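Just passing along the structure, written as structure tokens.
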Amino acid sequence: MSITYLEAIREAQARALAEDPRVFIYGQDVGAFGGAFKATKNLAKTFPGRVIDAPVSEDAMVGLGVGAAIEGMRPIIEMQFADFSTAGFNQIVNQAATLYWRTNVPCPITIRLPCGGTSGSGPFHSQSMETIYAHYPGLVVLTPATVEDAYSMLLEAVAIDDPVIFCEHKLLYYHLKAEKLPTEALPVGKARISREGRDMTIVAYSAMVHEALAAAEELAGEGFQVEVVDLRSVKPLDTDTVMASVARTGRLLCVGESWPWGGVTAEVIARVVSEGFGLLDAPPRRLNAKDTPVPYHPSLWAAHRPTARSIAGAARNLLRM
Amino acid sequence: MSITYLEAIREAQARALAEDPRVFIYGQDVGAFGGAFKATKNLAKTFPGRVIDAPVSEDAMVGLGVGAAIEGMRPIIEMQFADFSTAGFNQIVNQAATLYWRTNVPCPITIRLPCGGTSGSGPFHSQSMETIYAHYPGLVVLTPATVEDAYSMLLEAVAIDDPVIFCEHKLLYYHLKAEKLPTEALPVGKARISREGRDMTIVAYSAMVHEALAAAEELAGEGFQVEVVDLRSVKPLDTDTVMASVARTGRLLCVGESWPWGGVTAEVIARVVSEGFGLLDAPPRRLNAKDTPVPYHPSLWAAHRPTARSIAGAARNLLRM
Amino acid sequence: MFQAVLNPGALGKASPFCDSYLKAYRLALLSRILDEKFASLYRAGKIHGGVFMGRGQEVLSVSLGMALRPGDVFAPLIRDAAGRLAFGEPLLDAVRTYLGSPQGPMRARDGNVHRGRPLEGLFPMISHLGAMISVVNGALLARRLKGVSGTVGATCIGEGGTSTGSFHEAVNQAAVEKLPLVLVVANNQYAYSTPNSRQFACRSLLDRAHGYGVEGCAVDGTDLEACLKGVGEAVENARAGRGPQLVVARLLRLCGHGEHDDAGYVDAKLKQSPLGRDCLKVAEELMQSRNWAGPEALAAWRSEAVQKIEQAVAQVQREPGPDPFKEVWSALSCRALSEGVEES
Amino acid sequence: MFQAVLNPGALGKASPFCDSYLKAYRLALLSRILDEKFASLYRAGKIHGGVFMGRGQEVLSVSLGMALRPGDVFAPLIRDAAGRLAFGEPLLDAVRTYLGSPQGPMRARDGNVHRGRPLEGLFPMISHLGAMISVVNGALLARRLKGVSGTVGATCIGEGGTSTGSFHEAVNQAAVEKLPLVLVVANNQYAYSTPNSRQFACRSLLDRAHGYGVEGCAVDGTDLEACLKGVGEAVENARAGRGPQLVVARLLRLCGHGEHDDAGYVDAKLKQSPLGRDCLKVAEELMQSRNWAGPEALAAWRSEAVQKIEQAVAQVQREPGPDPFKEVWSALSCRALSEGVEES
């Protein structure tokens, strides 16, 4: 048996629906059709009345989720693409994210965002929005990079009593495969050392973990042992694991697919240098997408985002310092 | 004569309207009423038909501004509070911010956001949104801290061919005064040394500049010479001026009123350490608002945001390192 | 749930309708005096932030609160002190929230009209207009999923709020799901300073009902009898499974947008028109004309209300303010996931 | 502005109406064949991202394009290849955008239906449904401020898009400003897979017009004559200063949402109903019954269209792709304000 990242997301939802009567799914085309990416395929049939098609109304979709959460339900809201969550932005950051703080009533809503660039998708079907949501208090922002994490973190997201922004990477949907679903998992909030190494640390998350691993592999051929940390969750952000890694390697490169200004990479670097200044033997570096919308054409797109090649290049520069 | 920060904003708009027939103002209650904060007082009378009341429709307000900009106009869109710009978020980040990049047609729209906390305003009338907008490519994000800058930067915002997010701080509206309007100004994109000092650098912007200056004054009494850099513009961010200051002082404290995760302070620190690692004699530090919504009660609010006292405290710790 | 705010013994006059009319009037009066108390505390500098009054809208608001039952959901807006009291919100909740007492339901974190008790069906508004409607929808859908029936969800909005995208999405959503939603639009002629002519172009906002496929009714918002009837029927219809109900009330805001606003822009013609009648005066005249209540009763009710409010204010003013050092600075209920962002 | 896409000599038959009918048909046919070409390039793996066809909606779309004049503003949506061609969009713009040629108006930065030339009045859509309407409003308001009169602005949306808050805010905005906006709603029964029953609850979306205070008309979107008349009148009304015009067309999407979608969910009954007629076939039958065009003319027009398209595709396929090293990686027109964020 082999299971894809997308199937893991579907299986996690199936299990959540099966085990917890409070769970329901709401989103455009999630019902009989099974969702734009088929992340809810067959679920409407298996769980009648609990996988519900929404009108093209992101604001009302999120608002409805909050109201249902107040009533003790555990809604999963699917955005058709992360990019369209801008239309539900206000309800996410001002309604869902503030409810518990204002009222002491938890808001267990999971918002699934199909994120990230894929070839030919262009500026409005490629965005990574983890930075935007992580900036706001009151939200948990998860960015699974593996099939196993997609499964276990989505289950955990539904179980968490707070609003979770679940950033699934579309590029991983079909191609990333695992042998089977995990039976145990790191808890949300813990980063993972995806590859050990003692010469430098690359911190990455979501699809960039795989680019970083490929870069590490390439550099291994040149005699460098590069450690790769998969953040898994960008808020909370597991500073301890990152710092421990940097303490071993003395060098930090931080990679993110979203835009350069104020993203995950800035946050990681700011934390490491203010709390672990003495650990670094060289300046920390970062690599992000370019500061333009995500281009449509495959060759522009490939140049816009960090890749194994550009990561390896940046890592080489840093290793030489 | 003496002129407030708010009056400077009104005067800048009056001058823009007077000098450029392409300028018009659109926003809720901006017409005969003169705006919730009176930033457009008397302008509707002086410039008939060019200061236009909008329905409670932030999305459509911004969309209208973009369409008018395509037609060669220079709209100023007033949000009643920065917090409500979440309802126009999609048009700002996906329509206005991408237009030039997609089509080569500039989008000279200025969006005025009354930002920042004031006592008793609570979670939905106190937000600082510069971090959110600065993350997106295609936007210029200005954060004037002085009466003179409020005036000259708003005039420049209207003249700039790109979308400008103009973050005015409500706390400065009535209390901050200057003798007269400036006749010349630093260009947008340049930071200013607001106070010179050789022991450490505090980087701040908007209302926090004044807290930082007060802290510097307090520390001067203790024999420390603290340099205060006013960023003025958070995107673009004048890394050169910050680095030059840090090169002189060796110590960096970065202060922002918005939430801690991924804000201006993270970006400044990430830049300084990756480009000027060797300049620092101590770890860079930052001080932000707490990671909760902005509280209503004055004494909670005062503890939520950085103040002269907490800045001085953080600075003292850093000076001792 | 909540405790009753009126002394029940004082009621029980002529007919059941008379009973509810008097009860509604007294709650509306209580809310008027409460608002005025907040306004005077505001002028005395004892309230931080804004004060928003329901003046001129009390009988509309109270009619909605009266029609709801325990177990229903209610998301009031800024001018709904009367509806809140009728729904059962404790007077102390209002006073504690305005005065920033940590013993209030918002624990000094949010203020003035931004208060509620979600678990008791009273949803606290966020400021963004239009944003509460879909939240009520969600509660109603949840009940349907849980198999709970017979409850309704109600919320209020001004005519200005009908211009938001949130309003539209939520009304359409309720219509598609045929939820028992009652949406009361108070067309008080102004959104802050903006007159209706700059807010919408249809003849009546009621014309929107048809476009959403929901039932609608218009009421004279200055007339308590009309409000009790119109709003009451809407709530009954929703409860009976007839889907969302839109109530559009005509009236005039008889105060500024907030207490900082002198409302100098309000058209004198409107003030003199039937819209500009004071809904409490109208009710008083009716009660007197029908011999339901004479001047003594009115005076007694007023002084009873004043006393209740003064007592609550006095009590809350003795309560200590919040302590920032004891405040839990986290927005997450899962403490383990809260970021302990180190600050120097 | 744009160059004409049809050979004008071929027109000029019986009456002016016949002339426009034939012209419209030929443009609709051209767009159909163009869409089919893109679909086949997609199946051959020559197009990145999606392909979105207007199949079944061509005569509605073309009627709008035909009614517009140079100087008007047009913001087409995903199924408007026909309207674009009628408005004057060069065939090459479509081909270059789909194939990602840097010589196209979007310079390979955006693709497929996300194309336009703002300065020539053809506004390129962003993907977010509903977002273009207020942009057209802005252009129209700007013209009013500049003293330009006599032009209109038109845009299209599907019935799914009417559920967005953006749609509502913008229609209301246009109504308040009484702008010369023509908004064509193609109710093609599905929003991706979602049927109307899950999208709205009113009888007809036309019922919304009244609620906004704008004029509205319904048209049979499968009938070119009805579309030319209905849409043409709406454009005339807007031009005459009668304010926003809402046109609601009934039809059926005769294809998948995109070429990746087999549309297996479409109700067979709808396909067999009059809504499911192929609007081009309907037009062909009418032209033949009225002796406006026989089988030879139809065949000739088709092969002329095929040839034009093959030629354009062949030309664009020879054009080099974009060079990421020459690309200006800045989203600002003021280069001095662009961040040169250093990356290692």
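Note that the chains are named A, B, C and D in the order they appear, and that numbering of residues resets to 1 at the start of each chain.
The working rule: contacts are C-beta pairs under 8 Å (C-beta built on N, C-alpha and C of every residue); 3 or more make two chains touch, one makes a residue touch a chain.
This is a predicted model, so every value here is computed, not measured.
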Intersection of contact sets, chain B vs chain D, gives A, C
Work out which chains are contact partners of both chain C and chain D.
A, B
Hey, which chain ends up farthest from chain A, C-alpha centres compared?
C
Calculate how many whole Å lie between the centre of chain A and the centre of chain B, each centre taken as the average of the chain's C-alpha atoms.
30
Take the average of all CA coordinates in chain A, do the same for chain D, and state the distance between these two points in whole angstrom.
36
Centroid from C-alpha atoms only, then distance chain A to chain C, rounded to Å. What do you get?
40
Residues of chain C engaged with two or more neighbouring chains:
106, 109-110, 114, 126, 128, 163-166, 169, 172, 176, 198-200, 330-331, 338-339, 344
So chain B residues touching two or more other chains come to 54-55, 57-59, 83, 86-87, 90, 94, 97-98, 101-102, 123-124, 137-138, 235, 237, 261, 274-275, 285-286, 290-293
So that we know how the chains sit together, what is the shape of their touch graph: line, ring, star, complete or other?
complete
Residues on chain B engaged by chain C in the complex (per definition of touch)
28-29, 31-33, 36, 53-59, 81, 83-84, 86-87, 119-125, 253, 260-261, 285-288, 290-293, 295-300, 302-304, 313-314, 317-318
Per the contact definition, I'd like the list of chain D residues that touch chain A in the complex.
47-50, 100, 102, 106, 108-112, 114, 126-130, 160-161, 163-166, 191-194, 198-200, 265, 321-325, 327, 329-331, 338-339, 341, 343-344
What does chain B use to touch chain A in their complex?
83, 86-87, 89-90, 93-94, 97-98, 101-102, 123-124, 131-132, 134-138, 235, 237, 258-259, 261-267, 269-270, 273-275, 277-278, 280, 282-286, 290-293
Within the complex, chain D is touched by chain C residues 163-169, 172, 175-176, 178, 197-203, 205, 207-214, 243
The answer for chain A against chain C in the complex is residues 24, 49-50, 54-55, 57-73, 75, 90-91, 94-95, 97-106, 137-138, 140, 160-162, 188-189, 235-237, 271, 274-275
